[in-house]
Amino acid sequence: MWSAFFQPGDYQAVIPEILLTMFGLAILLLDFLLGKRDKYLNAVAALIGVGFATIKLVMFWRLLADRIPYTGFGGIFILDTFAIFFKLLIVIATGLVVLLSAKYLEIEDAHYGEYYALLLFSAVGMMLMASGRDLIVLFMALELMALCEYILTGFLRGSRRSNEAAMKFFLLGAFSSGLLLYGMSLLYGIGGSTNLVVIAERLAGRPSPDPLSWMAMITLLAGLFFKVAAVPFHQWTPDVYEGAPTSITAFISVAPKVASFAILMRILIVGIWPLRAEWQMLTMGVAVATMTVGNLAAITQTNIKRFFGYSTIAHVGYLLLGLVAAADGNSEGLTAIAIYLLAYAFMNLGAFAVVIMMRRKDIIGEEIDDLSGLMQRAPGPAVLMLIFLLSLTGIPPTAGFIGKYFIFLSLIETRHYVLAVLAVAYAVVALYYYFRIVVVMFMKKPLDTVPLATSPGLSVVLGVTLTLTLLIGVYPQPFIVWAREAIRPFFS
Amino acid sequence: MLPQIAFFSLSALALASAIMVITRRNAVHSVIWLIVTLFSVAGIFLMLQAEFLFAVQIILYVGGIMVLFLFVIMLVNLDVLAKQQQFNRQWALALVTAVILLAELGYGIYQGRSGFTLPPAAASPPTQGNTQTIAMALYQNYMLPVEIASLLLLVAMIGAVIMAKRKLE
Amino acid sequence: MIPTHYYLLLGTALFTVGVVGVLTRRNVIVILMSIELMLNAVNINLVAFSHWFKEIDGQAFAIFVITDAAAEAAIGLGLIIALFRNKETVNADEIDLLKW
Amino acid sequence: MLFLDYIWLIPLLPALGAAIQFFWGRKLSNQAVSLVSVGLPGISFLWALGCFFQLLRLDGTAFTKVMYTWLPAGAFRLTDGTLGNLTADVGFQLDALSAVMMLVVTGIGFLIHIYSIGYMGHEGGYYRFFGYMNLFMFSMLVLVLADNYLMMFVGWEGVGLCSYLLIGFYFHRKSASDAGKKAFIVNRIGDAGFLLGVMLMVVTFGSVNFLQVSEAARSGRFAVGDGVITAICILLFIGATGKSAQIPLYTWLPDAMEGPTPVSALIHAATMVTAGVYMVARSNALFVLSPAAMGLVAGIGAATAIWAASIGLVQNDIKRVLAYSTVSQLGYMFLACGVGAFGAGIFHLMTHAFFKALLFLGSGSVIHALSGEQDMRKMGALWSKIPTTAKTMLVATLAISGAPLLSGFFSKDEILWQSFASPYGSKLLWVVGVVTAGLTAFYMFRLFFMTFAGKSRVPHEVEHHVHESPRSMTIPLVCLAVGAVAAGWIGWPKALGGSNHFEHFLEPIFENPALRESAHHAWSLEFGLMAFSVLVAAAGFYLAYRWYVQRPEAPERVAAAAGPAYQILLNKYYVDELYDALFVNRAKDVGNLAAAFDMAVVDGGVNGVGWSTRMTAEISRLWDLWVIDGLVNVLAFTVKVLSYPVRVIQTGLVQTYALLIVLGVLIFMGYYLIHF
Amino acid sequence: MQFFHDHILTIVLLTPLAGLVPMLFIPGENKNAIRWWGNIVTFAGFLVSLPLVFWFRTGDTAPQFQFIEQVDWIPSIGARYFLGIDGISFLMMMLTTVLGFLSVLSSWSAIQERTKEYYSMFLLLQTGMLGVFMSLDFFLFYVFWEVMLVPMYFIIGVWGGPRKLYAAIKFFLFTLAGSVLMLLGILALYFQYHADTGVYTFNVLYLMQHAWAADLQRWVFWAFMIAFAIKVPMFPFHTWLPDAHVEAPTAGSVILAGVLLKMGTYGFVRFSLPLLPQASSDPTIVRVMVVLSIIAIIYGALVSMMQRDMKRLIAYSSVSHLGFCTLGIFALNPHGLSGSILQQVNHGISTGALFLIVGLIYERRHTREIKELGGLSNVMPVYAMLFMIVTLSSIGLPLLNGFIGEFTILQGAFQVNWRWGAWAVLGIVLGAAYMLWLYQRTMFGTCDNPKNQVLKDLNFREIMTLVPLIVWAFWIGLYPKPFFKVLEKPVTAIVQRVNPGLYANAGKISPVMPQPAPAPATTMGESSGVPSAEHSGVAH
């Protein structure tokens, strides 16, 4: 009876999550023992946890690469290359954010253990999002992630901006998860089960037209699009990005996006694949709107965090185009999303690392003009920022180009020529606003001369992100192979 | 005949009290009305043979969450609030939108009703009581979500502490 | 025997009421309650379906939803308190520091 | 065959001189400069003589020497559909025609170089002058010795460049540099015609080589009057008009007198301007296939002859008179070519080279003596003061006016006779020629008398140091005078019992069956015409004598009587003004217009990319924005306009966001419910 | 040595990049060391490219593409590191290495602040440009094509004139807008090739052998056309050029005019024509291209006649000259093509030299206003002489390079349609007009402006920046045969692809010219040692 539901393998399959949880709890305890200036040990502990999780995930990958995936917990949990790929991405991003945070929190004077614990817990939530195959699991994981984000956003309790951001994020998040839930409930009603596979089978059998399933799809997607910040569900993004602690902005601009796209792909490609004609239409419209709003709004921004908020939205637009292509059964579309996310994670974190360096004792450094003359003051960060911006624009040979390349390719292959032209047109607009920052950095006179905040952690982050941004750009071969392996489960 | 009466009265009560919830000037009244709603929803659960859920609804919601709400309301109680404008500027537009939403959802469901009126899938009649079944479901099929839920509650606790505490050590 | 879609319609109605609350009320606490309303509506759907399918998943789901509701309530109220500390208000349309 | 094998030395030596001047000239003393730059052309003159005599031993066959393949442009389709392969060599061809030209160029060029030593002695940029002169010698020799049209074009452009540089030698004088530019650009217009002609030739014959082209032309593949051939000839002739200052492209030549006098003598009298004649003669095989083109050449030639002569009647600047007379004489040469008497044309070319060079150098010596004065109204009675110059000038004047037994007489009458007798000729052409002869005699003697005879009108401060020019200048004058007398004798016509050697010498190049029988007119007729033309010339001389020696006040009266006609002539028929009005200014206007257009419309248009559907109210304001700041600002503005709604909805109010979410859901649902 | 011979392209390509690394370690304030190093590296870059001149094989036995190097780069999408040059790219390469060195040499005293960044940017730019000309893999090509934009952007934007930011971003936006469209075109070909053959490859040689559907060709042609036309720049897209030129520092202008603009025309020759023969020979398209070219020729000339700023004038003259190049390309016959390519080299030489000359005077007077200058030949005779020679080569005087190119192009155009020749000849006349006018206004006349009277003549370094170009100009003018030999094979191959009719029944030879027509060269790609086929592991 017992063994009817659990193989011992089941718990092995979630070892990375368990590890992170354990370390999170450990940090909560450890925090009491640490004096004010030893808080960095929390970060170290978190890093160790992340390290273990990473190693375990790599082992999983070696185990499962081009094999059939492992399903556990009675089929509500699946460990396939797709899940592992995204989990790895999430874990690494979390690790980098931990590295970013230490110095920043000291400056903000909010260096508490809970911060790292919550980071790890939300990481757990995201990882489960990546491998849930059941509405309940997906929902719970999503909520876990979301709640941690709310708290982290409001983590600087003294600051009203942080507070506001958290409030908005929370209200909208709760509201959207209400929508999501409503959609899930309908989906459950249609599918007669919370398991995506079963739902897919039932959906395929239903007569068309089928307004009910559209309701389910739309409300569900509204919830998910909210998480990935797609227009018109994007509006929380700039506000939250601006208000949240910069390290958290960096975090929520990367990890949750990755996880949310994982869940989005899982649901769209597995769960409601029979409705692809409908959701392709929907995604197309949303993607175009998202690119438009993101790219255009970014131009007029003056606060750099807000600026990156809109640039994120723009990138989400590109990613959604990948889904549009995928709806025609084109695998490159999903490969594109995987690679794009990979590239995006690193270049965006790198850029944010530089932004965080701008935050110094009693210098906020969040305005674009604060970067003026960075080249004269700090050539290193300036050049790095340049590279990250080039990558974000999609200029070869940087990671961003490879991502865009696959998006364009998938669009061409599925004969969405208009979308392709639109996408490249927006790439030009993107150049225009990203290079506003370049101009400020390289061609304006410095405003202040206070040296940038630096720390070993920041240096490591910059090193890693730079290396990967360039490596993916110059020698993308292995990454492409991995990405293809990652999305294989959907197409085998 | 009886079920119909029960259903309609309960739903009427639920909806009416819900509307009261969102229209009351005083937050405390809203809470009270919300409790009424929750009770009637609980009644609906009972009609649907979800006794355990009925219990949970009463104990957890009414006994737990609502009390929490009351505490907070007391904590942040501002009599100015009671005098202020209760609805924001966009309320009319919002109302219209919501009505249309209702219409659309309703239409969708009404279209899809055929799927539900036909005799339900002949599942095996429950061997043990509802509570037992749920227990089996939770601790066998849904072990993983339960664990997530535990983590979720832990996080909620931490969050509440961080947010509500005057200052961290 | 009540047809299932009656329950669904009830749920939808309740849901909409919740939505209206969220969209129109200024008091954040009431907004929070409205969200609770929405979740309850969802629960009605779930339980109705589970009853109709004669299987338990829906009810389990509902349990989780309630858990989530509790957690959200806790955090939300915490946030409200923090907010109240910072700027002596619980009105949704007064938190507009971040815009454009 | 030592000389012929190294024929390439002839152009190369002057080029060497030029190079030396350009690189080291500034450091060299004037003596060294003159030694190099006069010595090297001298050597090439001797070499040319050597080549000439060796050529004579080849009895009539052309000598060609190919140095290397210059332009192997590759395969192409001819108009007749065959596959050709265009290659142009750097090669030299020496036959009777080019031999004559070569000797004229080197010989007279050499003399003028010597002359320049004295004339330019006191000028700044001495080395520069000789550098340019040598460069010119090089280009001119390439032009005449080339064995294909492209090589010829090389020289063709080269001489144009040198004339540009030499006309603008006094570049600090704006008029000078303007004249230079004018000369070059007018030439360029002609060259464009030349180039097009060559291209058409290439696609027609598949070659640019002289021998191959004329061989193909004579092969009978092309009927007489073939349209393509006519086109080629006309295009080439356009080139000729540019270079040889024929109507309508003659206006640059008078302005070219801005240059130093030796330049006028060498380039604008003796050699460069005759390049057109040479080219037409070179292409005779083509021209004889196209009566139309022949007619055009003859017509233009005759017209130019009389037109320019008429202008020359009233000019007061001594060099301008000579310039117009040059134009007119060139007209004679083209007339000759036009009537198929290429030999006569070349003959006149040679004789003209002598006496016109002499005239220019003489006038130069006069100007030198009067320390720069060029206006004949401030001259007179110089006969005794500068006797050598005066005597040589007299010889030249007689020669050009066709006084019997002088060189001009033979060549001119040959032309007149041919234009009368040749099957291509006509009475009208003859009449024009004769009238021109009269006019020529008149204005030349007018020039002579105004300068040397009558009473002196020279201002006094100039008067007392009027002096004969130095040896280096007078010797060339004398040599040229001898030439001016004797050069004609080698072409002594049969009519006067001579045996036209020159004619026979050029025979192999111009052999044209159509002209065979034109000989059997009665010699009495030829003699009669000859006599008549002499009489006309004499009349011209007498009129000039009457007006400018006996009754000096006469001209004013005539001018007054003539009234507007006189003004028109004085102002050269207002042709320059006409061209300015028609072309030069228009071109500039178009340029301005285009520039404005570029700034406004094109830039604006391109900048409009992405703008497309903005509210039209904005456009008027945006226009300046475009024109001023172009794409970036427009894009920025576009985007601001676009991002306006985005920012408006970003109110910062949670519930607005929530409302938008619901609206989104609403719209999607509505879309599906309606759409499906 | 053998190794050097086999990998020479890579070595040439990477020399500047390798030189960049030590540059980063030279302290920024040690300006002279940086200058020396910059010059040394670029000169080395020129030296290593020099052996190609001797090793490059011509004639029928020579393979189409030489010094082939290929390594798998991204097998999973079929992109390879695939270098190889034929005559066309060979000439372009040499032009790049030479101009690169000269422009760096010319910046010695011109660039005073932020020297280090300047030279670093230049080295980066050098590699980018070389890469564009060498790569035979579309993906690689695109990468280099974009890479080279960034340093150019900075060279204009940091060391440029008053409106540098505007000019720089304009340059970047225009070019990027074009190149992303080109990327779509490339992807379309890439995908179609896979659809037809089941192979994913960017190998240009393969794509060239493929027979594309007509409408696909047309679409892709327009995509490419816009990219290349912006780069050239052809008539309606030319407005970024004057701004970029006027604002850019001297060396920037030299490289921009000398090399970057060639990438457009090179793109047409290397990709548009052989890849899309039907489209490229489609009458309407040809008509459009030719008309645009002729408009550019005349329009550019007219506009430049009216300019007051020397650099602007020369910039517009580039528009005119490149009009000749495009005209020659779309004559689609050997004369037009070889002339066009030669003219591209010529334009690089002449216009490059012209910009250097303007730069020299700008360094002294800090103005480029023509009316500010005048009578300079009194004070700067050497300068005047060099300027004269360059001017002459630019207006196409025989015995100098310009004439060879222009005549051959005109000849080619004339063969197709005499009207084209006639119109284009007009450009030559106008060219003489505006260049000589410029020369007259700046060099001739009296030198009355006191600021000008004190100017020093050129020093040795400055002369040395010009002499090589002038020597080259004379070489092409006097003995262009080697260049034609180098070009013969690739041009024949291209013509056979676009315009096969031209060689049909080649047996029939004009009676006038006994020489046989050039033997039709082997079709593209074969004999260039391309491995069989690379299949990409796309899992569908």
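Each chain gets a letter, A, B, C, D and E, in the order it is written, and its residues are counted from 1.
In this text, contacts are C-beta pairs under 8 Å (C-beta built on N, C-alpha and C of every residue); 3 or more make two chains touch, one makes a residue touch a chain.
Here the structure is a predicted model, which is why all the values come from computation and not from measurement.
Asker: Hey, what chains does subunit C share as contacts with subunit E?
Answerer: A, D
Asker: Can you name the chain that lies farthest from subunit A, using the mean of each chain's Cα atoms as its centre?
Answerer: With centres defined by C-alpha atoms, farthest from subunit A sits D.
Asker: Which chain's mean C-alpha position is nearest the mean C-alpha position of the whole protein set?
Answerer: Smallest centre-to-centre distance to the global C-alpha mean: chain E.
Asker: Distance between subunit C and subunit D based on Cα centroids, please, to the nearest Å.
Answerer: From the centre of subunit C to the centre of subunit D is 97 Å.
Asker: As a quick test, compute the distance in whole Å between the mean CA positions of subunit A and subunit E.
Answerer: That gives a centre separation of 44 Å.
Asker: Between subunit A and subunit D, what is the separation of their C-alpha centroids in Å?
Answerer: 78
Asker: What is the distance in Å between the mean C-alpha positions of subunit B and subunit E?
Answerer: So the centroids are 72 Å from each other.
Asker: Give the residues of subunit D touching no fewer than two other chains, as numbers and ranges.
Answerer: Expected reply: 632, 635, 647, 650, 652-656, 658-659, 662-663, 665, 669, 673.
Asker: Which parts of subunit E, given as residue numbers and ranges, touch two or more other chains?
Answerer: Those would be 169, 173, 177.
Asker: On subunit C, where are the residues touching two or more other chains?
Answerer: 4, 8, 15, 18-19, 22-24, 32, 48, 52-53, 55, 57, 60, 64, 68, 71-72, 75, 79-80, 82, 92-93, 95, 97-99, in rising order.
Asker: Can you give me every chain pair that touches, using the contact definition above?
Answerer: Here the touching pairs of chains are A-B, A-C, A-D, A-E, B-C, B-D, C-D, D-E.
Asker: If we count contacts the way the header does, which residues on subunit E are in touch with subunit A in the complex?
Answerer: Against subunit A, the touching part of subunit E is residues 73-77, 117, 142-143, 146-147, 149-150, 153-154, 157-158, 164-165, 169, 172-173, 176-177, 180-181, 183-184, 187-188, 190-191, 537-540.
Asker: Can you tell me which positions in subunit C touch subunit A when the two form their complex?
Answerer: Those residues of subunit C that touch subunit A are 4, 8, 11, 15, 18, 22, 28, 31-32, 35, 38-39, 41-42, 45-46, 48-49, 52-53, 55, 57-58, 60-61, 64-65, 68, 71-72, 75-76, 79-80, 82-83, 85-87, 92, 95, 97-99.
Asker: Please name which positions on subunit D make contact with subunit A in the complex.
Answerer: 610, 632, 635-636, 639-640, 642-643, 646-647, 649-650, 652, 654, 656-658, 660-661, 663-665, 668-669, 672-673, 676
Asker: Show me the residue ranges of subunit A that touch subunit B in the complex, using the header's touch definition.
Answerer: 4-6, 14, 21, 28, 73-74, 76-77, 112, 114, 117-118, 121, 124-125, 128, 136-137, 140-141, 143-144, 147-148, 150-151, 154-155, 157, 189-190, 192, 206, 210-215
Asker: Show me the residue ranges of subunit D that touch subunit B in the complex, using the header's touch definition.
Answerer: 653, 655-656, 659, 662-663, 665-666, 669-670, 673
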